[in-house]
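Going in written order, the chains are labelled A, B, C and D, and every chain counts its residues from 1.
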Amino acid sequence: MRAFVKLLNFEMNRFAKIYIGLMVLTVALQLAAVTIGANHWLDSANEAMRVNQWTLEQYHNMTGYIQLNSMMYARYNGLLYFGPIFLSITVLLIYSCFIWYRDWRGKNTVVYRLLTLPSNRANLYFAKLVTILLFVFGLVALQIILVPLERLIAQSILPAELYRNISVFDFLKYPTVLKVLVPPYFSEFVLYYGLGITGLIVLFTAILMERSYRLKGIGLIVLYLAVLAGLASVPYLMGYNRYDSYFYPGEIIGACLGLIVIIAGGSLWYSLYLLRKKISV
Amino acid sequence: MIQVNQMVKIYGFKKVLNGVSFTAAKGEITCLIGINGAGKSTVLKSIMGLTPYKGEVLIDNALLTPVMYEEITFIPDSLTMPSNMRIADCLSFMADFYRNWNAERAEELLKFFELSSKDRVSSLSKGMAAKLNLLLGLALDCDYILMDEPFSGIDMFSREQITNVFTSELIEDRGVIITTHEINDIEHLIDKVVLLQHGKVEREFYCEEVREQEGKSITDVMREVYKK
Amino acid sequence: MRKYMVTAVLLVFAVVTIGTYYAQASQETPPNYKLTMVQGDASLVEGIAVYGNYVSKDSTFGIERAYITTNGTDYPDEKSAISQSLNRRPMKTQLDRWIEEHRQFMRGKTNTSGFYENEEMLAYVNATVDTKRSNDPSAKRNAKLSISLLNKQKNNTLEITSDINVDHDISDMYVQNVQLVNQQLVAMVFLNHSAKGYVSEPQIIRVNLTTKEITNEPLTLPGAKSVAANGDNQFVRLANQNLDHTDQWILSVSKDNHKKAYQVDVKTGQISPLTFQGHEMLLNNIMNAYGQKIYFLQKAVSSKENIGFAVVSYDLVSKEYETTLKNTNIDLSENITYAFKQDHLYIMGYKNFKGNRLYVFNLTSGNLEYEGKVVSTEAANQAEDEANMDLDFIDLDQF
Amino acid sequence: MTEEQKSGVSFNIREPVYIQVVRHFKEQIATGQIGAGDKIPSRRELAALMKINANTAQKAYKEMEEQGLIVTEGNSPSRITQDQQILSSIRAELIESAVDIFIGSIRNIQIPVEELVDIIKTKYTSERKLSPEGGDTR
């Protein structure tokens, strides 16, 4: 356990600078998006009031409340608000591969040191896995605290009559990418991120297969992905999308959850086997 | 004692090691010699589990597993620390992971090798990197040390310092396996030689015995073996 | 130790923030409503649910879909995608009861109107059309009729299937009703021609349980089409699901939105049009049939602001008309929802119609047999909660 | 500063190193650089000094002890023997083995003995002038 914590810390510190940069960028761009958005609505409201000689009350009656929800940002300046989110996702996806390959890279092949540490190599695997997860959940948490902050900024710019105050939960319920990244219900959070973690484990397995079998590995990876595709198609074979399927919804859902556990468990076991027995520098 | 039994290693379709067996006793310096590509460093990497192999490696009659890596350390032919780390960070990294890390000796060696703990790994010369690499292995209180080409391609002065280390108490009662492909100025540092050719151990002998019984130097034996 | 700062800070930050977010999210649940009886016979609302939208002023929730039954409210969106697909309906339906009793037999059988049950057996008739479209218009398309018969005593199943072929423009076949007539299963099936325009063509399928022979006989309803031409638009509706006091199917056919009605004898398949001499306008009203009576719902009986409604019944045997129900204060045009179940009429009022009230009238006697209200269980803000609930659908667990 | 000057000894890689070490000590004794009873470096210091393997140094010391050249009590540093008889025989032994080697390499040139003696006489006396403190015997 001690080795795991130290390895986790080692892996975290190696990417800390870029990660903190991502966080700062996300905060900066999103706050900018909100400020610009709010000012835009304020200007257009003032303009409409000026042209039609309306009072605030009349304008409000005509146009109704502005829903300060993520949809508004998506429509108005989506790139500024959602840009950093997609950028972070891409960077973390790329780093999920680079976190392994960097050890084989360059003249200081760090992998020699990591693989000859006097501890079970599973610690190395979980250190890298948990590092990626911590980075992901860190950004999710950042988004959660940013939303009320952004609302305060919008409220400081817009007069009360113009907007309708909605809660963080509502904000994240609107169908934008945030509905998946910060799901409104904990059961969905567990489901989506359970799938995400399974995906990450599958990705790590493919990487470790390549690092163990090199060129021969490509064939193995294709076979591995074929097996996964086969397993993933089971719910559809059971008639997941047909109303008159032989299996009851409960059985199909049970099968799906079982599959996720099998895929994640199987890939995890195989990855640790590769790391223990087959990995090559 | 390190025992390697029938080690077989296949890279792609080439059988690099074809049943290599030899022993390296504690307290002796054993030198794996072979022309380039004979699989010398493959043997060391296989012993440390850095590449899969068939066969058996015993340390004091117990099968070697990663948990025993405190008793045996590996000094590869290049420094294996992240390049943005400072030397001080490397030392604290080793202290983190090795219970048998000897911090005082690390400091002594830093002075001996004239390395400054504030330097970054990326800024070190080849000689300084080799010395740091050596330090990271030697500052561990472990019974066995594997060194891959410790002398190759480094400046005269660093080579001198490393040779001093070889005859110092740092090495004395430890089992050391080094690999090299040119032996000339370290002949009398070595206790035992294992000659590799075509993936097999051609000859395994104690240098003094060969000098005494056959009046041959290690270089002579190498010429005989590699002439065939 | 400065070294561990990044990991520690990020770990605590993520766990605390996400933890409190979902802890708070689970607190903010919309109120729990119950269908509580004001007066009448509670058995009438057993197993039914009313659906509505919860719209709260302080907009913690925006619009939440609610299913309300006698024992509580179910907010489907509150649950994750998984639990939603597990139990679509908040209450136990007839289908659920059958599944509990005969789990293996019920696999893949989801069309409630395809079942026929009595003490010895549970039968299921299903018709499927092969979706492969052959481009030769004259070629027939093959369809499959499958009948499963569960013998309740011996608990064994008899499967009878037969391939029939239908016009190439049949898109699907839907079993509307199944009856047992002296050892013969008789099923009313609608064949939907939808290649050009849309024509729904009723047919009767008879299955001889002893000889296992299946025959399908098209119902040539005079004046109704059975082949679709461009622009045709013919819908057929079976007015009575439950035939326990009659052996006549009541079909209403609306073609290019004027209607015809027919009476079809289950035993013989003999068709007799129903013209309702002198009450032709009844034809256009909504119809429900139960026993030997057909009920017509006439809106806006009183001339004032066309409020109120009346129910006229027509006795198939005595061929007499009778106004069995008159009401002058419910305006059916304002979105009031209503549904028929056997000889009862369920009416649910818009929230300002005396506040989310459910009324159940007996069609034959005409009197109000149940009145219920949707009430939130948190006593504190009942009034406000009621104002936030807007009911719009009744689920009588029939189809 | 080449390695030879530093340790004063360069090794023939074909002859057992421990024997060369023993001979080195015998030369030191014969030439009076170390006297009877003097302390000699410990095994580890010798290995470091001469850049030889610690086991080889150990073997050399064991050999010298067997020949009675040095005496070690407990783990205190070893000393040269006080036994004059051994000390004097060392000088004779060294001269004889050097001459044996010389004769072994000169015999096959079949030079008459008188001529050989004259050459040695002239060379030996002239060489004395060149390096008064005496060359190394190889």
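In this text, contacts are C-beta pairs under 8 Å (C-beta built on N, C-alpha and C of every residue); 3 or more make two chains touch, one makes a residue touch a chain.
Fair warning: this is a prediction, and the values are worked out from it, not measured in the lab.
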Centre-most chain, if every chain is reduced to its averaged C-alpha atoms: A
Comparison of B-D and A-C (more C-beta pairs in contact): A-C
Rounded Å distance between subunit B and subunit C, as computed from the means of their C-alpha atoms: 82
Subunit A-subunit C separation of Cα centroids, rounded to whole Å: 42
Subunit A and subunit D: spacing of chain centres that average the CA atoms, whole Å: 78
Rounded Å distance between subunit B and subunit D, as computed from the means of their C-alpha atoms: 34
Pairwise touch network: line, ring, star, complete, or other: line
Full enumeration of touching chain pairs: A-B, A-C, B-D
Interfacial residue positions of subunit A with respect to subunit C in the complex: 8-9, 12-13, 16, 134-135, 137-138, 140-142, 144-145, 164-170, 173, 182-189, 191, 239, 243-250, 253
Complex interface listing, subunit B residues touching subunit D: 27-29, 163-164, 167-169, 171-172, 187-191, 208, 211-212, 215-220
Touching residues on subunit C, where the partner in the complex is subunit A: 3-4, 6-7, 10-11, 13-18, 21-22, 24-26, 28, 59-62, 78-83, 85-86, 99, 107-111, 126
Subunit B-facing residues of subunit A, complex: 3, 6, 10, 14, 106-113, 115-121, 212, 215, 276-281
Subunit B - residues contacting subunit A, complex: 12, 45, 48-52, 66-70, 73-74, 76, 78-83, 93, 96-99, 121
